[in-house]
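Letters are used for the chains, namely A, B, C and D, taken in the order the chains are written, and counting of residues starts over at 1 for each.
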Amino acid sequence: MTKFADETLTEIRRDLHRHPEEGWKEFRTTALVAEELDERGFDLALGSDAVTVEERLGVPAADEIAAARERAKREGAPEEYLDRIGDVTGLVAEKRYGDGPTIGVRVDMDALARSEASDDDHRPAREGFASTHPNEMHACGHDGHTAVGIGIARAFDAEGFDGTLKLFFQPAEEGGRGGKPMSETTHVDDVDALLALHLGLDEETGTVVGGYDRPLSNAKLDVTFEGEPAHAGGAPNEGRNALQAMTTAIQNLYAIPRHADGKTRINVGQVHADNAQNVICEEAQMRVEVRGEDADLNDYMMQKAERVVEHAAGMHDVAYETSLYGMTTTFENDGFVVETVMDAAETVEGVTQICGRSPFGGSEDASFLIRRVQENGGVASYIGIGASNPAGHHTAYFDIDEAALDIAVGVVEEAVRRLAVRL
Amino acid sequence: MTKFADETLTEIRRDLHRHPEEGWKEFRTTALVAEELDERGFDLALGSDAVTVEERLGVPAADEIAAARERAKREGAPEEYLDRIGDVTGLVAEKRYGDGPTIGVRVDMDALARSEASDDDHRPAREGFASTHPNEMHACGHDGHTAVGIGIARAFDAEGFDGTLKLFFQPAEEGGRGGKPMSETTHVDDVDALLALHLGLDEETGTVVGGYDRPLSNAKLDVTFEGEPAHAGGAPNEGRNALQAMTTAIQNLYAIPRHADGKTRINVGQVHADNAQNVICEEAQMRVEVRGEDADLNDYMMQKAERVVEHAAGMHDVAYETSLYGMTTTFENDGFVVETVMDAAETVEGVTQICGRSPFGGSEDASFLIRRVQENGGVASYIGIGASNPAGHHTAYFDIDEAALDIAVGVVEEAVRRLAVRL
Amino acid sequence: MTKFADETLTEIRRDLHRHPEEGWKEFRTTALVAEELDERGFDLALGSDAVTVEERLGVPAADEIAAARERAKREGAPEEYLDRIGDVTGLVAEKRYGDGPTIGVRVDMDALARSEASDDDHRPAREGFASTHPNEMHACGHDGHTAVGIGIARAFDAEGFDGTLKLFFQPAEEGGRGGKPMSETTHVDDVDALLALHLGLDEETGTVVGGYDRPLSNAKLDVTFEGEPAHAGGAPNEGRNALQAMTTAIQNLYAIPRHADGKTRINVGQVHADNAQNVICEEAQMRVEVRGEDADLNDYMMQKAERVVEHAAGMHDVAYETSLYGMTTTFENDGFVVETVMDAAETVEGVTQICGRSPFGGSEDASFLIRRVQENGGVASYIGIGASNPAGHHTAYFDIDEAALDIAVGVVEEAVRRLAVRL
Amino acid sequence: MTKFADETLTEIRRDLHRHPEEGWKEFRTTALVAEELDERGFDLALGSDAVTVEERLGVPAADEIAAARERAKREGAPEEYLDRIGDVTGLVAEKRYGDGPTIGVRVDMDALARSEASDDDHRPAREGFASTHPNEMHACGHDGHTAVGIGIARAFDAEGFDGTLKLFFQPAEEGGRGGKPMSETTHVDDVDALLALHLGLDEETGTVVGGYDRPLSNAKLDVTFEGEPAHAGGAPNEGRNALQAMTTAIQNLYAIPRHADGKTRINVGQVHADNAQNVICEEAQMRVEVRGEDADLNDYMMQKAERVVEHAAGMHDVAYETSLYGMTTTFENDGFVVETVMDAAETVEGVTQICGRSPFGGSEDASFLIRRVQENGGVASYIGIGASNPAGHHTAYFDIDEAALDIAVGVVEEAVRRLAVRL
């Protein structure tokens, strides 16, 4: 019997909440989902069959991944599936119920690198299902998304529908790292309609948004400057100062000109340089993020940022390397799908308010899957399911109202059935 | 019987080399020295009796100190002395042999935060006495200095001399953190002459330098900028960016004007800021070092640096805190002592070359003890003892020729005897 | 007989075009307008009676103003009015025709500091009415605006209307320097409706825009840093470097965070520092401009800019002074006036296209007059009159189709008549 | 009869003081010197025969040079010599008195771009020989140097000496612009000994310094950044901002690392950028100076500065041009010449104190002539002649005690005679 066999979606979500796993480390999550869907007769593509390995972004060091895999084993990940997963997380599960169209549903599974509140004001702490891992927390509801994904699989157990269901359990959404490599597999090719969903987003339980779209494009760039150390007292001229290069870069990154065509953003979140005080800095690292209201504006920022980095390095005669940590793009929902979701929501118990298309403030790498489906002639929407989150996403007190889980399953199930008919 | 009872100075030095302890963590070293000198009849001032606690600089966090103390216990520090030491390392030992003057000798005990080479090219590795602690190494010869301190105590066992011997086993010389608090105790008040010494310094074994002096003054400043986080995409204007403040500070620190009166230096060695890429930086830290050819030039740099930091913070509306991590000052030897040391060296076996006063390229916090003795009317010199170091100080392959240990003891013993007569 | 007595609006416009005068130097223009309107029985408020002298922004040096006044005399400004004008340009002219409401019309008179094209591709050069002053040119159509102002006065000569006409001939619109001081006089207090107008704006002759509004707010700040010179070779430490302060300011000005609420802009256009290469810079000057999509965003930028300047000066221990060179604010037209203008335009010969409200891309200091009227309970709109300008505003080849002059007069005359009835 | 025929050196100096001419504009000075030396039978090399034209540095614009030449004519420059001079100032005059060695004497002729004090505290003003040109002043004693040059020519009229006298009247010493092009002529090739001299330097009249040497090397770099303008409100992203490039450069120029080997200096004296506030800066200019304790250190600074400029431009995608405005190098006197000068000084009336070799604080482009002579196997020294200057060099109140003129001539005459014998 599978671990989740007798568990409700709330129980599954709580189990996942207690065992959060950051991006590219979702071994326990992937293995448990695989076990559950295998049991239900889905065909599984796991790990390197689910994502294009070489397109992965922001991948942790090999020893970190290995440690995460070991921990998953210790924490009850079924070994059979762990073996099949290998070193790469993520899962695509497919089941054919009838001759109709292929409907995809995408959920994400990763947690964030932050600690969870442990006081009684925080329900997960009070009720004993808070994260058991310091500095890891499901603070964006992906535990719920994963549970909903299982719920959707279960929903068609009894009657099926006239088509094929394809479930994308995406790794590493945070930072925009897993969407692109999953979008570049052949799994997306035959999808006629794709639904993605997000719980919470500051909407009350009972609210359904037919489609969020037009997120900001963004890109995250890791930069390392490599200079030459020297004794800061004895021979300052012999150094090539990586920190001066980085500092010059940062000042000029923030000063990239605003753009006439729309919103742009720039930020440097992390910097590290670790020399003793008396050593001219040899190596300095920073993590940069650019955004644009659309992909062109994002490209404008990225090109400007790369030029700044190149010449900041050149100015101080230091080498540099850049790597893309993550990225997202923008997208627009198809009105037909938005309306179908809204129609579906009418029939679902617990739904009290139904909204149309709405702009998505943040960024999302489901964007890559959605655009790929649309490029292939398919249609898509990104559904919002209110969940009365008591605190903002990404904060220590984030939580979701688990009543939203069944609502989410219900809306998606209904939407799938209608899409299968209407397409 | 004490641990070191039957050990040669070479054996003692190798024992210490295997168990390096960083500044303010020299629990095992202090306890073993205390045990040895107690046995020989010295009066001991330990820990908070040896340094002015509130004047300590660059003190590690309490949990780090506690862990270091625990490790010392595990690694054989005699518990009796560990108890007497408490949480503060360092030791002053005094023994009266006759009515004559009080002669002080200062040695330092701390190791560096760096890993030691482990290959066979490195004698300590080859012969099995390399550091057993990753990222800690006696790479500046303080293990030898401590052994020499014990050797000097032993040297007067047989015949004594007409005066009082006072041995200063100083903690935390690296970074300039222990000299000042030890200089501000009453132990220094009655010292008529002070000898400090350093092994190595790129001189061959057999060379003795009567006195190094005129080191650069320096000061190390830790700075933390505290701003306000905000979502870099959604509300960049709501942040108060600690990283922009730090960046502005660093650019302007390096641009502090050169000074007409002599050499000045500035460096920023470490920077840290740890936000996610999409968060306006809330906290940023840096470690700064300034130097000057003399104390006035050092003050000039320090005042300029503080002004830069203050206004960089103000410009970005962030708070900041500064704390002194360490400092050294400059000094000049007394010619009389330098000559006495040179005379003494003539009589010591193994000495092949005797040099006079020479400028000390780096920085040294023995400076505070030396100046304090001189202010009280005493005299002092800082002796160099060649030790054929095969690699530069502070590098992974640093080592000393242990033949230098007995030479050092011999030179100091002879100098003490002559000073007792001449003063 | 007045100079303009027998001249058409085209002739007047060409006379003004040949004699362009920059802001606060419009002596000839003001005197000729005064002469003309005095003749027609208007009550005149001239110079310091037309603007609040102490609120003037960006005023040139006294000797520049005196020279401009002298030139005006040489170039035919009637001396009687020149005497009444004194040292301050600008004019408010009022004439009561009936008991009805007071309708204000605002036009501006100043030229730009740029040279005019002199080749035959440029009609004013070809036809002999190009600027006779190097580096001064009517490149924004204010010559036409002034002529239209006279045309409006003439339009009511025959029949008048049931109300009072108040004409505001504003000085120093370029840079946003004259609108605020004119808005702070009592002349605005009794205005029931205000019409302002602009020719050109890249619309064809025949097009009328009922109301441009929502311009960007902006503010222009002049900053002088005052340090202490020193010999850069001999005593660099003795200087207090005004240029380092300015440089630090500029880098951080461009890096003021983007704002979530809308468009912001920052620019430094001019910098000057004039020391020899071997002198630490004593004085440095810069001219800064900030903009915001609304007044709050403009204030945000201004406050950030002032903070940057303050601390850049403090960081380098130099004094600084700031003065406001100019400013504009934003406004919204009253729909009632916009519609009245559109209705009026229907009746005017030559009008071929009538547009409604439209956003104004640039900045305008008529904004102060419009807001003041609205605050007093009046209504206003800022009318656009297409003039087939062959080249962009502010460029060397700018020109207007003079057929637009009569259209402008016609639209305003009709709008005034209708407003007098409807209000 | 020549203009100076009956004039004392004091009268000549005062005439020159009233008519100061900046570097490369010394037409009147050159012509009057030429007239005087021609009369005395010297062979003259004038203008482009006296300097290598293409090696000139910091040459003013052609129209400025033409205007200076016109002014010289108006102010009494003899036209015959003005014609021979052409557009290039400077003069080498040679006369063979005997078969012995060739002894060169170098004086400089140019004034500074600063205004002279006009109040009675300033003797030149009080006695009516202050500068008649605003913003030009002989504030460094080169008027006296020129007079001394003529005095030396006169000194050998009666008896000659056994050798050849070659007088170098160098243009454009200020900024280091004329020394290099004069050193690169063949005139220097046969010089066996070279004497250069400076009056004042804060020594009292009567003091003679046998040789100043070891000046700082320096180089002055003019930099222009050329970007692309754009409307700062409407299209900030379309600009390429020359001012941001310059600002980035300046911040990083001041932050060039100090050098272990000795003194270095960096300064930016002038900056200019002239756009309207609402235009992204198209062009920005700066004047930079670097110095080093020796030529290598100067090169270090220059190379670092050029790297900074290159990448600051690259970072902001703007073009740049650099040109050398001026340069000096370092040199050491030959002890033999220093001693000969000291011996000579013993015999000269009015000499009260004779000093040996002394370091020269500033920079001097006589350095190029001296080094060239030494490279060819000759010897040289740079003599100091005290002149009780009441205020510092380059200040508005600078003056010299004219009693020093005859002392200077006497010392040089005697030194030349002795060198002719001893060489």
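To be clear about the criterion, a residue touches a chain if its C-beta (ideal position, glycine included) is under 8 Å from a C-beta of that chain, and two chains touch if they have at least 3 such contacts.
Predicted model, so just to flag it, every value in this text is computed and none were measured.
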item	value
Chains touching both chain B and chain D, listed by label	A, C
Which of C-D and B-C has more C-beta contact pairs	C-D
Averaged-CA centre spacing for the pair chain C and chain B, given as whole angstrom	69
Distance from chain B to chain A - Cα centre to Cα centre, in angstrom	50
Cα-centroid distance, chain C relative to chain D, in whole angstrom	50
Residue numbers of chain C (touch at least two other chains)	234, 236, 244, 248, 251-252, 254-255, 257-258, 265-266, 280
Category of the chain touch graph - line, ring, star, complete, other	complete
Contacting residues of chain D [partner chain C, same complex]	113, 175, 216, 218, 220, 232-234, 236, 243-244, 247-248, 250-251, 254, 265-281, 284, 287-289, 291, 325, 361-363
Residue numbers on chain B that touch chain C, as the complex places them	234-239, 241, 244, 248, 251-252, 255, 257-261, 280, 300, 307-308, 310-312, 314-317
Chain C residues touching chain A - in the complex, by the definition given at the top	251-252, 254-255, 257-258, 263-266
